[in-house]
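One chain, chain A, links the two complexes that follow: it is found with chain B in the first and with chain C in the second.
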Partner chain A sequence: METTRTELVASSLWAMGSGTHRQVRSKAKRAWAVCGIDHVFVAGVTAVVGPNGSGKTTLLRLLATIRAPARGEVVFEGRRVDTGGVSSADIRRYRACLGYLPQSFGLYPGMSSRQFVRYIGELKAVDPRELDERVDRALVMCGLDPACNRTLSRRSEGERRRTGLAAAVVAWPRVAILDEPMRSSDPIERLRCKGLLRALADAGAVCIVASSAISDVDGLCDRLLVLDGGRLAFAGAPHELTAMAQGCVFTAEFPSAAACGHQPPTGTVDTVIASASRRPGGTMRVRAVTPPGWTRSPEWVPARPSLEEAYLWLRTFGASSSYRD
Partner chain B sequence: MPAQPWLPRRVEACRHARELALGLALFAAAFVAVAATWGGLLAASAVCPLYGVMFLLYSLRAGYYGVDEMESACPVGPAQLMLARLLVAGIADLAAGLAATCIVALSGQAQPGMVILSWIAPATLFAGVALAVSLEFGPTAAIGAVSVIGALGLLPRGLHLGSSPLAPVGPGGWIHWKLIYTACGMGLILLSMGKLRRSEPCGQAPGGGDYAD
Partner chain C sequence: MHIEIRSLFKTYRPNTVALSDVNLGIGAGMFGLLGPNGAGKTTLMRILATLIDPTSGTVSVDGIDVQHNKEAIRRQLGYLPQSFGLYPRLNPVETLDYIGTLKGLPDPRERRRRIHEILETVNLWEHRRRKVREFSGGMLQRLGIAQALLGDPRLLIVDEPTAGLDPEERIRFRNLLAMMSGERVVLLSTHIVADVESSCSDMAVIRKGRVIFRGAPEDLVRAADGKVWQVRCSRSMFERLRDAGERTITVIGAKDSGDMVEVRVVCAGRPALGESASVSAAPDATLEDAYIALMEAV
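Let's look at the complex of A and B:
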């Protein structure tokens, strides 16, 4: 039973952006992908969301010791574990507690799922007496048949991703850093993945999940980080974000799709259509996200914001008020 | 939990057991085929280094397949893992080369020292180039570099122009060139190993990869 409080601290993290090692070293290509992020990751599920290129993957790679930060540090249980020239013993100890699923990764095509998960388990120095049992459990929890000997080259994209997820959790990590774990998964597999993450979090693990789809983390995460341009646009509980958007989401019913019009989701317009659905009578129900103090016409009635609408509101109207350096 | 120092070597050796056996069988078949056509000395000097390089490139496939990032998050670390792979590849090549040397020397075609030099020079040169290039540019570039050097060594013989004294592959050539190739290869291997050790514990995988956001 875990008694100590597991914490992973990101302190003033700065890192450069996309490109190969060579491009990153090149001054001409320098651009900050992560700009001074401070956050304490505690036990539970923390979702990292944001648009493409907002620095989610870079942040996760820094936390997983795959990359060294240009500035700042990552601290696990009081010991610095980022790869910026500190004790390798501390990093190894941290990596033994770490489960990491990269955004894009390959697998050895000649291996079966079981062989690959076992291989990662061996590298994680899992007790050999428990290894087979842990491998089977990880595979089952990720919806894979442990007895299936089909090689990874003949597996679907979703199955390969789930094999990666099983490899990430085979040692039952205390820190799980998962980049888009539900990509290429059907709804049943998404539910299974959410169950796995909840089980890890309930066991006291720090689960950090990056996703570009809010629906993947809605109802799952205990805390939410919204990144925008490498900076934290929001950090807090999901209900805090929805509370911020309270009074800025409205719904209305229109007789036809043409009547409601459609405005592009940019910050330059005074409303953003969050969703539009056809009702049984042929009418259209529209939900709109608006800036604070929007002057509404009578057909619009206030609605309770969903997490996705609150995120949309933050990205479009609320970012300037909740940014912090 | 600190990583056990022997762990990566054991894992790699166990994981490669099937490939090692298969590779040795392929090596034996190629050696017999080349020896029957051009003689045992050329077979040793051409097949042994190619076998070693094939194994080296095989062991670099983590970068090729993109598994390296996942391996990098393990306590063993990418550098230790790469060194373990090099050790397994090196031992496999050494065993095959010594077996070939015994066959050639016992048949009386050449002195054992000459036979060893004939394959160890290209083997170390190829391995050094493959390793250095793969660490900087990735395994695909290493395959290209080794292919070019191999072709330059074997082309004159293939075109019946005789063996160039500078050719790294082949029984001909001057002894001091073979020694220079061995020294260059060893130098590149040692430099690469030093680079790998310096890269520890940072998990940046050999060969580089794209950083996505």
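Let's look at the complex of A and C:
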């Protein structure tokens, strides 16, 4: 069997909720958080998006072998690696080339960022001759100064998060699973993080990134997974999603917010407002997504969908069932 | 409503300058505040919210000096801080009734009518009987904005409100703010540049306590004219651009296209990359591109 490309396969994965999400915890404690997900993760950046509680974190935990699936398998290079599997050697081999940034994690408060990343590098068995250079490179790529010896307890949340990211990539993993790596980052830090993910992917790694802001993965990801209630609502290239929403996004300018004729902020039954902004002179410019075949009144002008608008369209009108509600 | 900020300074400890000579005039509408972590955005918002005093300089709202008339300003103010606590065992109606009483809305019938109206606006009316502890992050944020709206404030200050919201909640939240801005001043601080682009009519960028840009989002995009480029080059050249950390060129995105790579870069002038790369001005610069061009300019 030939395996020239790194591939991580999720094969009909099922799992109960992890209990990270408030609603999962209180209301649907016993609900399935991941319901039969099938997907082949290939080299490149795959973004996982979806509403809160849709199963993003649970899916990432299954792939990172933090949790065992109730049913289904995780397969890496032809070998089963989920913790429900039998061969611990395969799991060990997989974990050795895995970098994982959890949604929240503990850090040793008395260490500096550099000490922490170096420590993880040692645990990951990075070649000692290369260790210092790799640690510095990971820190710099995450926007942290290797010479700074401020302890983690005195770092901001964003800096701690980026220390975790540097630790996840210090061994230059072949599979990187990152849960919201850009949370609490400012725009330049986000840009740097995108550059790091791109570099990992270009080096042939499978990068799986969960994000709660579409703008963070727009222009970055090669493939996009949209989760809804633990199932895949969409899997494909971002431009395939925007193509689906083509002809369903319109813009219009109204004399005032009240004149939009919408129940702010969600829109009417057949249009959903994607954005609204006041123009000089007090008029209101609105962009909206609409169901396929919507008969527009003349004030609406067709517009090219952004990825965020395409996502909004998919969530509102994409699944015919949710539209009929 | 008009806010006038004049030569505002704020120093925390002898060597920590949070704000340095900030001058801003802010009129009705939605105003976006962008800047790196630690630039002084939250400090500025707290001064406007009368929570801290400036070291020197003045802030006036419709001609009224903020520092010496805190109560008058607070009566017109709605503030949603970065993080806030609510009582987990109350439902949203009880929460708002409690806060409304504290805010000095004396007439119970009028208060209830107003609470109903606000909960409709933020789409929480259907959840009015659920306890706050069952709320998702997005519902909590909307309840946060609902409490800020009690008492019809003419000045609404929201500090990074969208952290923890999912994409739809984020869209709904920023539309809600934009629709409300009308006669009010809505001041929004955020790290999501795209949200400022889609909702704000006016904005400022703060860095190291100083205002380095002030104008409409379109003005910032226009200022980036001739700085955002599309480069088509070989993979090896792209990797050189990416890794060399060449200070004059910042890579903002890259897409494979056959053997070549389409790279989007920010550069003060046309990047000189030799014969093998084709360089053209990017036709569709976004506010995020322009922001990066501004920040990387120095």
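Structural remarks
Everything below uses one rule, namely that the second predicted complex is superposed on the first by the 295 of 325 C-alpha atoms of A that agree within 3 Å, B and C clash if a C-alpha of one lies under 4 Å from a C-alpha of the other, contacts with A are read in each partner's own complex, and residues count from 1 in each chain.
FYI, a contact is a pair of C-beta atoms (placed from the backbone, for glycine too) under 8 Å apart; a residue touches a chain by one contact, two chains touch by 3 or more.
Everything numeric in this text was worked out from a predicted model, so none of it was measured.
After overlaying the two complexes on the shared chain, residue contacts for A:122 are found with chain B alone; chain C is out of touch. Contacts of A:64 after superposition: chain B is touched, whereas chain C is not reached. Judged by the touch definition given at the top, the superposed model places A:109 against chain B, while chain C stays out of reach.
Judged by the touch definition given at the top, the superposed model places A:277 against chain C, while chain B stays out of reach. When the two complexes are overlaid on their common chain A, residue A:190 makes contact with chain C while staying clear of chain B. Of the two partner chains placed by the overlay, neither chain B nor chain C lies in contact with A:294.
When the shared chain is aligned, no partner comes close enough to touch A:32: not chain B, not chain C. Of the two partner chains, neither chain B nor chain C is touched by A:254. Once the two complexes are laid over each other on the shared chain, residue contacts for A:14 go to neither chain B nor chain C. Contacts of chain A with chain B, set against its contacts with chain C after fitting on chain A, overlap at residues 21-22, 52-53. Those residues of chain B lying in contact with chain A across their complex are 1-4, 7-8, 11, 15, 61, 64-67, 69-77, 81, 200-204, 208-213.
The residues of chain A lying in touch with chain B in their complex are 17-22, 24, 33, 52-58, 61, 64-68, 83, 88-89, 91-93, 95-96, 98-109, 119-120, 122-125, 164, 167-168, 177. Residues 29-30, 34-38, 121, 123, 133-138, 162-176, 178-182, 191-195, 198-201, 216, 239, 242-243, 250-254, 264, 288, 291-292, 295-296 of chain C touch chain A in their complex. Across the complex, chain C is touched by residues 21-23, 26-27, 49-53, 156, 158, 183-191, 194-195, 198-199, 202, 212-215, 219-220, 256-257, 260, 264-266, 273-280, 284, 287, 308, 311-312, 315 of chain A.
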